[in-house]
Amino acid sequence: MHSTYFLLTAYLVIWAGIFAYLLATGRQQRRLAQRLEILEQRISETEARP
Amino acid sequence: MKPLPRNPEPILTLCTALLLAAALYAVFLHAPAERVMGLVQKIFYFHLSCALAAFLSFTTACAAGVAYLVSRNLKWDILGAAAVEIGLVFTTLVLATGMLWGRPVWNAWWTWDPRLTTSLILWFIFASYFILRSAVEQRQRRATYCAVMAIVGFVDVPIVFLSARLWRSIHPVVIKADSINMAPAMVTALLASLAAFTALWVLLLQRRVRTLALAERILTMEHRLDREPALSTERK
Amino acid sequence: MAAADHLEIAGLCKDYEGCRALCNVSLRLEQGDFLALLGPNGAGKSTLLRIIATLVLPDRGSVRVRGADLAEDPERFRRRLGFISHHGLFYDHMSAQENLVFSAALYGVADPPARAEELLRRVGLHHQRHRRAATFSRGMRQRLSIARALVNDPDLLLLDEPFTGLDRQAASLLGEQLLLLKERQRTIIMVTHDMERGLAMASRVGILARGRLVFLEQRQRIDPATFGELYHAATSGGRVS
Amino acid sequence: MRIAWLVIRKDLAAELRSPQAMVSMLFFGFLLLVILNVAVPAGARVAPETGAGILWVAVTFAAVLGLARTFDREKQNRCLEGLLLSPLSPEALFGAKMAVNCIFMGISQVAILPIFFILYGDGFLHAPVMLALVLLLANTGFSATGTLFAAITAGANRNEALLPMLFFPLVMPLIAMAVKVTSMIFAGAGPAEYGSWLQVMAAFALIFTGLGFLFTGRIIRD
């Protein structure tokens, strides 16, 4: 019975690990999207000028 | 500038999810419990799958390193960085699950078994890849250094394994002995989880490549906007 | 001694950090040409020189010397190459003489000590030859670095802003040596933003702006009086493509 | 070959004049031997494994200090550029620097070993020739890997701390094997028992020398 805890922990670790990684990469993606937005704004501003 | 290729993520995500569900079903409901080790043996399926994903990552990183050195095209550097990153995640999982398996089965969290030792040193080598990455500013130089690091690290792995084998030659090769007399349902479960993790690996890799490529493009455009006097605007 | 005749540069491109440092630069030089490359900061002048010197690999394009691609046998090409920048390229812990002997040996000069001796006299460091370079004054260091660059009697001499920061004595010494090399039909490429000096010494003048070679002409056909305007138009105004 | 020899001679002469690398390697090696003596209970004899471990900690940490200085002198006045502008090929440069590092390590070990035997007992002194062979193989592997990564860290920003972090994970198998063989020698085992280890060590040295020659050109030029 004791060994079942290890089994559960192992699967928990795998899912938690993958989930945490996805979370971290998702956050990076969002930050990038923000930067992209600012960038697009800057570009449209410069194009508006002669 | 090239448009990014169409996002294949939804289909891939769906496939991965289905495969993972199938693998979970096969592991927990289809495959029988192992007689000696009991339920804890079920760690093995996903543990080995993580190891496969890690191996795929580092092989990809090495191949990408070679491709970069030959072509000097930065897209290979991005692929390499993404692969090492994912490889590091999966190696961490391999080490963690390995310890959680070893504690009940071998009655020790850690033994200097060749596989364990190799995984640990591999983890160190590729963690240092990121330290190197963050320490080099200049883009092409960083790519070259990292490509060399990935190749050298990959070449080092068999030597690590060989030396670890010589180091503790008494240790039985646990996993191999298992897989030979595995029940057919166990083989099914193993194959299902291997397939699921390969799909997961592909999903993660293409996701990371896209993100890193996007980051690269944004950085370039910011540079360009800052540099070109004709296009510059006031930054707030 | 066989001199390197024409240097042929074809379609050189180089990106740095996603920005164009060089874009499709092509040019040919005859033996004995003295090319002054002008251009504002960041125009790609140094990059071009460093590619010719095989210090940097181009992304695209080739450099050929007497028909042979540099990438194929760079070591042999460098045997006949000289390079002067504002970095001394000599060792502080060695004496002037040791530095020159080492360089001469590196280039496979027949009798390194004799060559070092000759150069020390030429740049006026002979009486100080046993002093460590670290103890040299600025002007002496500059003269030592000129001597170092001439150690192999180069067929092709590359100069990266050689006159900036030189004191009067060193500048006139460098000028003399350059004229000497020019008389002996050596090919020289000098990157500078000093327009007057470029026009005074060169046989051809080129302007590099934003990584492109926007102007290239024989010196005789340039009118110094109007060149300033021309330079301004070429570098700031439009992209001449 | 001739040209690589020039660079070796220049570096050795510079070291002879002001032995910066040597002093730091020796000082640190001695220091480690003394510090690690704390781990040994007073009056107790050290087991061969522990002794070998202590010796190799001192040797490798001293070595990395020397390796970190590989390109130090080439950085003043951009002398590295000067070498790259000369007919010297990057491969010859790598060979020269690797040889210099190997020589420095050898000299430092000649001084560290007697101190080790004084502090930890001369009962270990069994097969000096075999010990020298182990040191030679390890030095070759260390200097090949170390020179390659010294070239990399010379182009990076925080290079003092960077080299050990890149270097140690890669040479870990080499250190492990060296410790193992040394402990067997200390325990009085014959060459037949550790012959296969020496082969793997030689293979490591060979592979990394090859990789060094292969990659130095690209590393230095980018």
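As written, the chains take the letters A, B, C and D, and residue 1 is the first residue of each chain.
Quick note on the criterion: a residue touches a chain if its C-beta (ideal position, glycine included) is under 8 Å from a C-beta of that chain, and two chains touch if they have at least 3 such contacts.
Being a predicted model, the structure only gives us computed values, none of them experimental.
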item	value
B-C or C-D - the one linked by more C-beta pairs in contact	C-D
Euclidean distance of C-alpha centroids - chain B vs chain C, Å	48
Chain C and chain D, separation of their C-alpha mean positions in angstrom	39
Distance between chain centroids, defined by C-alpha means - chain A, chain D (Å)	42
In chain B, residues with contacts to at least two other chains	138, 140
Contacts with 2+ other chains: residues of chain D	222
Interchain contacts, given as pairs of chains that touch	A-B, B-C, B-D, C-D
Residues of chain B that touch chain A when the two form their complex	37-40, 42-43, 46-47, 50, 89, 92-93, 96-97, 100-101, 103-104, 200, 204, 207-208, 211, 214-215, 218, 221-222, 225, 231-233
Of all residues in chain B, those that touch chain C in their complex	72, 138-140, 216, 219-220, 223-224, 227
Chain C residues within the chain D interface of the complex	53-57, 75-76, 78-79, 81, 83, 85, 87-94, 102-103, 105-108, 145, 148
Chain D contact footprint on chain B (complex, rising order)	69, 121, 124-125, 127-128, 131-132, 135-138, 140-141, 144-145, 148-149, 151-153, 155-156, 159-160, 162-164, 166-167
Complex interface listing, chain D residues touching chain B	145, 148, 152-153, 155-159, 162, 165-166, 168-170, 172-174, 176-177, 180, 196-197, 200, 203-204, 207-208, 211, 215, 218-219, 222
